[in-house]
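Written below as structure tokens is the structure these notes are about.
A, B, C, D, E and F label the chains in the order they appear, each numbered from 1.
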Amino acid sequence: MAHGYDAGRLDLPFVGVATFGKYPLCLDWDRLDADVAILGAPFDLGTQWRSGARSGPRAIREASTLFAFGHAGAYDHEDDVVYLPAGQARIVDVGDADMIHTDTLQSHANIEAAVRKILKRGALPVTLGGDHSVNIPCIAAFSDEEPIHLIQFDAHLDFVDERHGVRYGHGNPMRRAAERAYVTGLTQLGIRNVSSTAREGYEDARAMGSDILSVRQIRKLGVDAVLERIPAGKRYYLTIDIDGFDPSIAPGTGTPSHGGFTYYEVLELLDGITRRGTVVGVDLVEVAREYDPAGVTSILAAQVLLNLIGRVLHNRA
Amino acid sequence: MAHGYDAGRLDLPFVGVATFGKYPLCLDWDRLDADVAILGAPFDLGTQWRSGARSGPRAIREASTLFAFGHAGAYDHEDDVVYLPAGQARIVDVGDADMIHTDTLQSHANIEAAVRKILKRGALPVTLGGDHSVNIPCIAAFSDEEPIHLIQFDAHLDFVDERHGVRYGHGNPMRRAAERAYVTGLTQLGIRNVSSTAREGYEDARAMGSDILSVRQIRKLGVDAVLERIPAGKRYYLTIDIDGFDPSIAPGTGTPSHGGFTYYEVLELLDGITRRGTVVGVDLVEVAREYDPAGVTSILAAQVLLNLIGRVLHNRA
Amino acid sequence: MAHGYDAGRLDLPFVGVATFGKYPLCLDWDRLDADVAILGAPFDLGTQWRSGARSGPRAIREASTLFAFGHAGAYDHEDDVVYLPAGQARIVDVGDADMIHTDTLQSHANIEAAVRKILKRGALPVTLGGDHSVNIPCIAAFSDEEPIHLIQFDAHLDFVDERHGVRYGHGNPMRRAAERAYVTGLTQLGIRNVSSTAREGYEDARAMGSDILSVRQIRKLGVDAVLERIPAGKRYYLTIDIDGFDPSIAPGTGTPSHGGFTYYEVLELLDGITRRGTVVGVDLVEVAREYDPAGVTSILAAQVLLNLIGRVLHNRA
Amino acid sequence: MAHGYDAGRLDLPFVGVATFGKYPLCLDWDRLDADVAILGAPFDLGTQWRSGARSGPRAIREASTLFAFGHAGAYDHEDDVVYLPAGQARIVDVGDADMIHTDTLQSHANIEAAVRKILKRGALPVTLGGDHSVNIPCIAAFSDEEPIHLIQFDAHLDFVDERHGVRYGHGNPMRRAAERAYVTGLTQLGIRNVSSTAREGYEDARAMGSDILSVRQIRKLGVDAVLERIPAGKRYYLTIDIDGFDPSIAPGTGTPSHGGFTYYEVLELLDGITRRGTVVGVDLVEVAREYDPAGVTSILAAQVLLNLIGRVLHNRA
Amino acid sequence: MAHGYDAGRLDLPFVGVATFGKYPLCLDWDRLDADVAILGAPFDLGTQWRSGARSGPRAIREASTLFAFGHAGAYDHEDDVVYLPAGQARIVDVGDADMIHTDTLQSHANIEAAVRKILKRGALPVTLGGDHSVNIPCIAAFSDEEPIHLIQFDAHLDFVDERHGVRYGHGNPMRRAAERAYVTGLTQLGIRNVSSTAREGYEDARAMGSDILSVRQIRKLGVDAVLERIPAGKRYYLTIDIDGFDPSIAPGTGTPSHGGFTYYEVLELLDGITRRGTVVGVDLVEVAREYDPAGVTSILAAQVLLNLIGRVLHNRA
Amino acid sequence: MAHGYDAGRLDLPFVGVATFGKYPLCLDWDRLDADVAILGAPFDLGTQWRSGARSGPRAIREASTLFAFGHAGAYDHEDDVVYLPAGQARIVDVGDADMIHTDTLQSHANIEAAVRKILKRGALPVTLGGDHSVNIPCIAAFSDEEPIHLIQFDAHLDFVDERHGVRYGHGNPMRRAAERAYVTGLTQLGIRNVSSTAREGYEDARAMGSDILSVRQIRKLGVDAVLERIPAGKRYYLTIDIDGFDPSIAPGTGTPSHGGFTYYEVLELLDGITRRGTVVGVDLVEVAREYDPAGVTSILAAQVLLNLIGRVLHNRA
């Protein structure tokens, strides 16, 4: 019996407590034993427009159960591959980092501690934001790891240094990452139109080793040429701001920017990245349920993550 | 250290996987060891107007975390009581009964099996619907128990016998209950205006031992007089259709009916019931997230249930 | 066989094209033969705040099907009466008056012509707005009828004479009605707080024979005392602005005003009115689906209308 | 006078009872006399994720009135054709098949009976779902007809055989169709990413004569090459699952899947199909108003259907 | 000409840029010259459940224009008073305090500076939150003023001292206020059911001079008796948490709590307070547009504030 | 100091009263002194389907503040240009034209007077609709100006002459414009599928000098070829109906039509237009907040307008 519907439960997508992908819940992090650990980081004190990104982790978990058909894995007929084969994908949901309202630094510290714990336990950390500032502690947690190359999908450059004392908001993470010695480079994909980063920010980014490409530039180059620009064989940390996608499929976010990616544009890039090097960390940020009345944004986030994780595990094996 | 915020996590309401009240998840039902077991029954094939009640269990779980301030229990200054004191309320979330799409009888059978298991393990079953037809298997599960008196909060009598072969829809549960030998009587509270039950249904209900009171009649009688009409010292099964409440606070349901209960009207009756006899089973049904854009309906459901459970445990002790 | 579920269809509320109460559609007005004719008047060019009332007729029709359990009539256990007994209530939906965008006077003229036709065919006209200005042509259509007394349920006095040339907007209808010789008086119920009518408007209204009562004043007086203030034995035209109800149950309207009526407060007054004289015309206005995400406002409108029509027919017989 | 605005009513889209395309209502099916019959099948007991598809028929009818400018037919300047010329398109709305809550088989039987009746009366059946399981009785109704080739637009293969006894849910219809002798082949268009059908289902489908193409594969092939793969000159039954479209334009459905069709991709395929053979039946399924806050999904469904019907009639003539 | 519609513009509520009540905008605070100054404080980093309160100021401004019929003032027929007579009510909108994302203390400091400026210019500060933590800087700004008595309308006691270092969140403001020497007492109205404040918080509050009353207790006492408990002739600072109102009329807030105030219950208390002493400061907090799909919550906030300001000015004169 | 965050306020997008782009408010039109004047025209009496477009001006203003990062201007890294450099772009918000409910002609006259005033003061008028009929008075206001060429982005031709007396509705503006002597030609872009304009309308349009292109035709031609068809060096008036865009990014409009433009397709055409001649007037119409739950439509409108204005000013300089 291949996948056991008969012996067990049917477990339809809408049934049961919503852990990520209906994978087991592991709240005792000292006992974490898995290939992939899903961590929630429901922090939105770093937003400059609409708040709400704290709802992201629960929204994505809920949506992810749609793809938890589970028993037979996820068959993709175009690739002719069964991703996430039942019984082989060792994925757990480790719940959320502890958030401290009013306190950015302590909340970030708690996220960093959680990611460090996951890394220590040997699992791939996949962090569900929260606003993009949660990337700052996620990257900070890699300080004892081998160097990483950062690949960002986003509408915005997020390269502001400091304004009015703010250094840890959702406009700052790529700057903070670029400052770290163990971040050897950045590839920033989807950047377009106006944002909080001024001209100087772009100049600084390029000076600090960033490769910046807009959606239109990527479409002109094609997937392969874009992949070629990413240093091969590296350890990649992927940070996916849902607003890198077009507002038509990702309305549920704080700062939508028109002219974004379609689903398969990103999936094909992600697929290529999993083949080009090693994915050592992932965050997906800025999903806000408040602006997602039809749920398509959290469904997008879940669909991207489960497909990405499936490809990471498949190509790693 | 009274309640341990210092030693542990702050665990704000919006943080973490949404189990009911943030109580532990117990998916291995053979190891269930608790005073109260929360079971989801996300079934909505029995609805006659808007579907969506399958979203109830997840919606209520999510809302219930608002009330999971937890560490210090739930202090009610009007009663001067700390309900659900931390460390003493042994409550678990047992996940959902298995649902079989297209198949009413099998889905109901799975709910019945789950409630039977909870009863066997000595816990109080609290079932989250799902439409009101899930009450049918909940009551069926008591066939080996001591007799029960059924107390219903609802806008509708739900006393239809059979039409076009339908005997297990959400218009039938009270009829099905009244037919059982171990249901010694019914108190039906909040019944008002027109519904699917015709005049004959009311006549049958009264003939089969039901006491039917509208919201206006209850307001005229007062809480004490209503409680007096309920047989004292019995084992009570409570079935709470969220549409018993006024649509102003419970819009998120399939068949809203204007002129319903306010929150404290029901809470005061529930409080009295927990003092008048023994609550041996509870279901709360017909919450549908699709029609609850501000979330007030699922918050109401969670607020009612946590206050009810707190009083059941407090008054039992 | 009392009401024929067996022989025919089950016809659940959500099934079928949404005519009002699932009553027959009669688009050939020359063949109209009924006791009650439901007419849509989807006009909202008269609004001063949020538009959208043109969606009212379709929204109310849709909601009314919830109450179309039909085969057995509408049994009210508090009154112990079956209202709208199947086969006896001769009600038809005559569709909508023709609307001419940009053109208030022509749209109103078309409403007036439709109501005149209904009156000529001997049916009770029940008009679904549309904004409150549709009351102007409805009243105009009674110019050849016996005198009428106008009873209004509303938050606002709607007694503005003219501003910037506007005489036919939704702030003017009661003034326009009071000017007509065949309107012998007005009872204005629910009027509260600030609105577009200035102090002079109130003075004019009282001078022109209006009795103005707020919700709080009505609560203090009680239903019977309020009914006593309405001239007995008259022909009543009822105009029900949904914003007379509290925004908690009627959010779906252009200009909500807090502190309004509950459902039974209005139903009890309506019930008394149907006993105190003859209802010769009804309109229910200002339902706007755009602000009614849970549908409770259109459900309220339908519930009020079907209960009112049931009582009109029951008490007339 | 070409199209008679002057003599009659303006009949703006928002005016009047919402029958499909404002075409006449024919509830006496024995008198059905038309080229095209629109049937509602508001069934959603077959869904595995979000319910709500029972709202589809009314939502599509309402949206279709936007395209009922009517008097002059539907002029498409790109084709330079007036589709659905007034007075020539003999289309009727026959209301809904009778639904029996809790009972899948009886509801399906009623749908089958209705489609059989339409076929018997010589009209083209166009069925508005409801979830995709309503395709099962639609196809069953063709058992006495000449063989058909089935063309599906969908994100999901819907080729599950049986699980936990379920054979008539919304994951099963293409399997059920493929089993029938008079279904000579299947063309399955838009199939992508993970769904409830496992790898074996795809293998079975291909073995049973199905041609499966993803959206990306179709884009690479082009419209003409795709049309070439469909057997020419056949009798085609078209089943259009709205989730074949991209969630950006079809959020209002139970199980959205990113990476779907745009509007014109489908319209151009549909146009080609109406020229390549004879369309003998159509269903459009899985529209759920609950997840369609801006109404774009039901507008899409109506726009697709009216354009399809126009082309069927135009190319047939 | 009393109010000049003829000479000027009609200025319907939906017309024009949304300043509070359509009163003039004064962004140069050094030139502030008014009786009342409306200040936005769009801060929501202090929330423990749903964020979104940063949208409050704009939402309330937008809603307030509904009540800007303006030219003739606001006539209340129950009081027979024209409040806010045109040309006499010197009210200005001073825009918002500057917010610094990620930074609670600096954002609070900016609010405090703004309120100090308003006080220095001799105007009554009316602050639009933002979450309830914005009350902390509002009260801080009174350090150089005569003592004040604080009157709170709220579901929650907000009397938490400190947890995990948090002292300036939305659960702390009443504690922070009670600690100040110039706050001579607190009256806390509407407090009910469970919240983040534990039993010790209530004990501390009473020990520090607070009078705590639930909604039910207030209903039993009556308006006059409640007013009697407030020290007479004092300088009152009013802090109105919109969640003091019932969720039925105030769904648009972060932490709704069932069983709250109706509109007139609060208005009558506010009216009495304006007669019993001097209102020297006001804040209205926790309105969140994200959960207010029909806009009734922001309409409530605007209606309460304009009625309150009208009574403050009327009774002061 | 280049852009002065340090000296002044941070002024995050969500902070402050929502004028367009946070530019200054100028309500004294006799003192208007600017390069660009933003005028609201909240008129929706001309709509034939869903109303609501009166909410457009406020919705667009609110959304435009997202792009008011301001201090450093709007840097577009693809163009390597800082548009709208701080201190150089002289833009003001002049509030709204006065609307007269029920009265189309007077409301239009007020819009015309406002645009005339703007033209007289030497500023570029940018009008925010309102429905597309507001284009009629906008064009009328150019009667004393040099001739203009009209460029329209729209799904619909809007070329109806007259029906039932209606000449100034939202289906008529392009016909009205074409009739004017000083309109030397029309370019109509994006026109597709069925609309209220019948075949004769298209024939008339072409006869009166219109160039009509569908979205698909434009895609085939490419941006440059389309620009070539527009007479060079002319004075262009741009009228942008938001429904020219695809419903996926512009759901918030009265009459969505599938198959529309993406964001960059329009931006590239607009960019080319600002280089090909002189833009002398702009309107953007048909945004309706009621159907825009995630706000993406008003964000699109604001993003298009600010990018357009930036390019007009940049290329003019």
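Please note the rule applied: contacts are C-beta pairs under 8 Å (C-beta built on N, C-alpha and C of every residue); 3 or more make two chains touch, one makes a residue touch a chain.
Please read these numbers as outputs of a predicted model, since none were measured by experiment.
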{"item": "Common touching chains of subunit E and subunit D", "value": "A, B, C, F"}
{"item": "Those chains which touch subunit E and also touch subunit C", "value": "B, F"}
{"item": "Steps in the shortest chain-to-chain touch route ending at subunit F and beginning at subunit E", "value": "1"}
{"item": "Contact-richer chain pair [D-F vs C-D]", "value": "D-F"}
{"item": "Farthest chain relative to subunit C (centres taken as mean CA coordinates)", "value": "A"}
{"item": "Distance-maximising chain from subunit E - centres being C-alpha averages", "value": "D"}
{"item": "Interface residue identity across copies subunit A, subunit D - same or different by half", "value": "different"}
{"item": "Euclidean distance of C-alpha centroids - subunit C vs subunit F, Å", "value": "40"}
{"item": "Geometric centre distance via CA averages, subunit C-subunit A, whole Å", "value": "54"}
{"item": "Per-residue overlap in subunit A, given as positions that touch at least 2 other chains", "value": "10, 12, 14, 48, 50, 54-55, 100-101, 164, 166, 246, 248-249, 291, 293"}
{"item": "Chain contact graph, described as a line, ring, star, complete graph or other shape", "value": "other"}
{"item": "Contacting chain pairs - touch in the sense defined above", "value": "A-B, A-D, A-E, A-F, B-C, B-D, B-E, C-D, C-E, C-F, D-F, E-F"}
{"item": "Sites on subunit B touched by subunit D in the complex", "value": "44-48, 50-52, 54-55, 100-104, 106, 133, 164-166, 168-170, 290-291"}
{"item": "Subunit F to subunit A touching residues, read off their complex", "value": "3, 5-6, 10, 12-14, 66-67, 69, 71-78, 82-83, 246, 248-249, 262-264, 267, 293-296, 299-300, 303, 306-307"}
{"item": "Residues of subunit B that touch subunit A when the two form their complex", "value": "9-12, 14-19, 25, 40, 42, 54-55, 58, 61-62, 93, 95-101, 293"}
{"item": "Touching residues on subunit A, where the partner in the complex is subunit F", "value": "48-50, 157, 163-164, 166, 191-200, 202, 212, 214, 216-217, 246-249, 251-252, 255-259, 291-293"}
